[in-house]
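The data blocks that follow each hold one structure.
Shared chain: chain A. Partners: chain B in the first complex, chain C in the second.
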Partner chain A sequence: MKRIGLKLAIAATIATLVSAVPAGAGDSPAVRNCTWCHGANAQGYTVAPRLAGQRPQYTLNQIRSFHDHTRDNPFSRQYMWNAVAALNPDTARDLANYFASIAPKPANDGDSALAAKGKRIFMEGVPEANIVSCYACHGPNGEGIRDIPRLGGLAYFYVKARLEQWNKGYHSTAGSPMPLVASHLGPDEIEALASYLSFVN
Partner chain B sequence: MATLGLCFAVLTSILATALCQSARAQERKAPAVGGFESKLEYCKTCHGLSGQGYLGYFPMPRLAGQQPEYIEAQLRAFIERRRSNPVMFNVAHVLSPSMISALANHFYHLNPPPSDGAPRRAVALGKQIFEEGLPESNVPACSACHGEDGHGQHEIPRLAGQLYPYMVGQLTGWSKERGQGTAVDTSAIMAPTAHNLTRSQVEAVAAYVSNLR
Partner chain C sequence: MRAYWGNCINPVRAGVVALTEIFVLSASLTIGFAPSAQALPSFARQTGQPCGTCHTDFPALTPYGRRFKLLGYTTGGGEFRTNPFSSQIARDARAEYDKMMGYVKSLPPQAPSSKPEEDKDWVPPVSMMAIVGYTHTQADLGTLIGPSDPYSQNNNVVLSPFSAFWGGAITDHVGAFAQVTYNAIGPGPSADPFDRHTWTWDNTDVRYANTAHIGPLDMIYGITANNNPTVQDVWNTTPAWSFPYAVSNIFGPQYPGTVMEGAFAAHVGGVGAYTFINDLLYLELTGYKTLGFSAQNDLGTDPFGAPGQLGGISPYWRVALEPHWGRHTLMVGAFGGQFDVHPWVDSSFQTWSTAVFPQTDRFTDVGFDTQYQYQGDNWWLTLRGSYIREYQQLDATFANGLGPNGPTNANDTLNSLKLQGSIAYGADNRVVFTGQYFSNWGTADAGLYGTDPNTGIALTPNTNGWTAEIAYIPFGAGKMIGWPWFNARIGLQYTYYNKLNGTTVNASDNNTLFLHAWFAM
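Up next is the complex of A and B:
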């Protein structure tokens, strides 16, 4: 517990120190502060999701929801709340635009045997089980639009965790339909969706 | 490598903490699948919690205040592929006739305010087209069938408060989506009118009706 506290303190200090520096360039301290966990070129690393190619309005909304503590799942509380605490709105916007400009690479880390099932749920939903089609909002290749996030190519672990968290009552952006959407997804559907999406280019 | 190791150690510790915390959140109980409440919630996931419509990757139309006969006719058109929409085909084909009429009746009685978002500049032209039509282009007044208030009647849909992008999409792509196959349906009535409107006239009408209550 102490070790985590120390590391968070270090991370928060770094965030404070670099937030005054404008983002916009790949090697700026503000960008490096993100890619430290979000991976080289912001392609994602273990539990930290890929930011590359993400819709800038979505990224900005998430930064805001970490800042306001409305996105309150355990990783958000433990890491992102501190990470964005000292981020000013201009830097946040620059970072969101910068990461959006990087070409995203698919994680390809799901179970390929489940990809066909996942694709079917993504495109058609399961009307008998009141599972809605993901495609209607996230687009044919999960590319997202406006403040609706790109899902195509996100890591298996991340998509699975997010879908599970809505079901457990964690909050995200106010007004999001996702708690309702996820409430009908069982473990099998979540695994299939997370697997399929990890391969989408 | 040392950096990655440190990062991984931090993340692993966080994961352990996270697992301990997950029991704190409240699980949400969904209504039983198969019942009216659950299906209604399913519709509202995409069409908005008050049936006010929602902008996803595609615009999902407002159903609030919509004429029940229109909703029923469109759901049949999706099922019979006269109106091509792969998502709505899947949605519609599992709905029983009694469920359809219960859902349509529920949405008819909702009355949320229109969602703002249409450009304002063309509203005056839109009002003129809506009330008088464009005689020189063979466009009749919309109000002749959809009513002065744009609330529609029977199979003629309510337009009042409809989402601007949805209106534009439907009127500019009328014959690509509706009236498919060989069977003639009521969508044929609108085809020449939609065709005779220019893009900017479509936008004007859409802007006007999207603000009607």
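Up next is the complex of A and C:
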């Protein structure tokens, strides 16, 4: 009897898991190729940024710059150059649109004590240090527009690394104003901005 | 490669050998079944990613390697198709593509590699690996195991094991890691006629995997069919994929290990369900059943290499919590299983019997494991710990007086602890330093472990020591020679035994230096 009970328990677990979702549900292979690293439902995973809710034009631009090897920070070189090398342009466009349609969740992983300072820099900039407000281009909640990326809720690590990289001579898309804009940010400002943005919904 | 067991197990009366084998698992796991160093070029072909995306070392996994496995080895992205079958999604995409041909013609020509999935070539995800190893032991093999034929007394170079793999997708949702291995025969004679297989099925894990989004839950879920408890696990803290990843194919001292540590590797088949929720919580339940004597033999496995046949279905469970933030991942988990084992009546086959006793010995294993991993720009730090406690209820052994050295206790415990640190430095030309402390300890039992010849006191299974390894991997992050078809790993490994089978006397005679070169293609 005990054995039968165990068999039933295992069968029931499998049945529950399999029947929990309708047949045919689940992400397409192309989507899974992305969420493999970018996390369940593309909400970001370890060093891979959240794609959910990102502006499709921005995502597509980045795919293009990975493909052309213009975006050249270490993890882009290591992972993304290979990941998009064989990516069909139509598929890339579909993926960018698909990820834009997923509701983004904030990472909430920054230092909450720095959030207020970060918000002030984001909204007002630091005129005496020649730091412009981020709000001007990225919007009041860092939601982005067209090819200007959504920043609100991105992981602390990712925003911090990106802001630091502008000052280290890495490149991104051609014509981006960010190398100039970010050149005035010091480590404290970067910490504060990355912390604040991780909590923005 | 269990042949040298014949030297270690005296030809005692029927039924005794089987029990002994229960308690000499650790060495047999690493030597007999799982020379488990593999990062497959076929995975690289399928994904377009270099080995270093999924591996800090081979076969130790990065966070992405773990997710690749959980997704059923099916994710692609490389220049080749993942599988030969047309999916509906791909057909739809192709139809849309064809409709848009007029528009496409007005666009700049695409790079040749940017074909739609349907137009990519398919290459079967087959890989091969070979390890050539040099083994030096502190004392000669003659001292350690007796006759060493067909090998020298020391300083042997052997090309073994050699493995072939299916590693990759079969359909969009089904993938497999399946290995067949050639092991050179072991040194010395063997009493067990089923012990001389050279080809055997090895680590096998076939999966169905999918994703689902239900309310706030984003899940990977799937079904695994595999042949070794923990071979399906994605953290290198559980036995099947734990360090050391490659061991000497000539010699490894034998000492008692828990059943979870490979006692039934390749002797069982298991089917289970798993899920990974919100990239945080992993849950799994799998049931294992013994394969028949002939089936095992046909697959190249020595049935007598296991301590007996499992009664009914043995459950295996696994829970792990893995929070992640930025460059950090931390895993805290637990796992376990319960194995009811009918010991062999005559594992030396002297009476031509493959029967087992009607009574069972029950082994209940509970393990706790943890891992911390940090990703630098071109380096990885990994810290791992695992502890397995086994409760042995030796009813069959006790009732039938089966102990190799006489009557045993009715109940024993056995513990296995591993603490490990590893640094993988460099992207290409990666160098990996790994150090591990291992310790097994348990109840003193004269029937199982014998008695001290001087004091007459029952011996313990207590064994401990250190392993240190330095490995060189030429292609970690960049394109390997002949990308994506080839990789290599060269390792120098030293294992020091402070205590072996309850005594420090002569334990260090077993210290082993193992220099090996591993090739995968």
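In this section, the second predicted complex is superposed on the first by the 175 of 201 C-alpha atoms of A that agree within 3 Å, B and C clash if a C-alpha of one lies under 4 Å from a C-alpha of the other, contacts with A are read in each partner's own complex, and residues count from 1 in each chain.
Here is the rule we use: a residue touches a chain if its C-beta (ideal position, glycine included) is under 8 Å from a C-beta of that chain, and two chains touch if they have at least 3 such contacts.
Please read all numbers here as calculations on a predicted model, not as lab measurements.
K.L.:
Can A:Ile145 be said to touch chain B (first), chain C (second), both, or neither?
P.N.:
In the superposition, A:Ile145 contacts chain B only.
K.L.:
Per the contact definition in the header, classify A:Ala96: touching chain B only (first), chain C only (second), both, or neither.
P.N.:
Neither partner.
K.L.:
In the superposed arrangement, does A:Pro29 touch chain B (first), chain C (second), both or neither?
P.N.:
It touches chain C, and chain B stays clear.
K.L.:
Quick one: is A:Ala136 in contact with chain B, with chain C, with both, or with neither? Answer first, second, both or neither.
P.N.:
Once the two structures are laid over each other on A, A:Ala136 reaches chain B alone.
K.L.:
Scan A:Leu193 for contacts with chain B and chain C and give back first, second, both or neither.
P.N.:
In the superposed model, A:Leu193 contacts neither chain B nor chain C.
K.L.:
Between chain B (first) and chain C (second), which, if any, makes contact with A:Gln43: first, second, both or neither?
P.N.:
The second partner, chain C, only.
K.L.:
Just to be sure I read the superposition right, which of the two partners does A:Tyr79 touch: chain B = first, chain C = second, or both, or neither?
P.N.:
A:Tyr79 sits against chain B and chain C alike.
K.L.:
Would you check which partner chain A:Phe157 touches, where first means chain B only, second means chain C only, and both and neither mean what they say?
P.N.:
second
K.L.:
Return the residues of chain A at which the contacts from chain B and from chain C coincide.
P.N.:
Residues 3, 7, 36-37, 45-47, 74-75, 78-79 of chain A touch both chain B and chain C.
K.L.:
Quick check: in the complex, which residue numbers of chain C touch chain A?
P.N.:
It comes out as residues 47-50, 52-53, 63-64, 67-68, 71, 74-79, 82, 87, 89-90, 93, 96-97, 100, 107, 110-111, 113-117, 120, 172-173, 210-214, 218-221, 223, 271-273, 275-279, 285-287, 312-313, 315, 324-329, 375, 377-378, 427, 477.
K.L.:
Which chain A residues qualify as touching chain B in the complex?
P.N.:
Residues 1, 3-4, 7, 36-37, 45-48, 73-75, 77-79, 123-125, 127-130, 132-133, 135-140, 143-146, 148, 165, 167-170, 177, 179-181, 183-184.
K.L.:
Which part of chain B faces chain A closely enough to touch in the complex?
P.N.:
Touching chain A: residues 3, 6-11, 13-15, 17-19, 21-22, 25-28, 30, 33, 38-39, 41-42, 44-46, 54-58, 60, 86-87, 90-91, 93-94 of chain B.
K.L.:
Which residues of chain A touch chain C in the complex?
P.N.:
Interface residues on chain A, with respect to chain C: 2-3, 6-7, 9-10, 13-14, 17-18, 20-21, 25-30, 32-33, 35-37, 39-41, 43, 45-47, 67, 74-75, 78-79, 82-83, 85-91, 109, 155-158.
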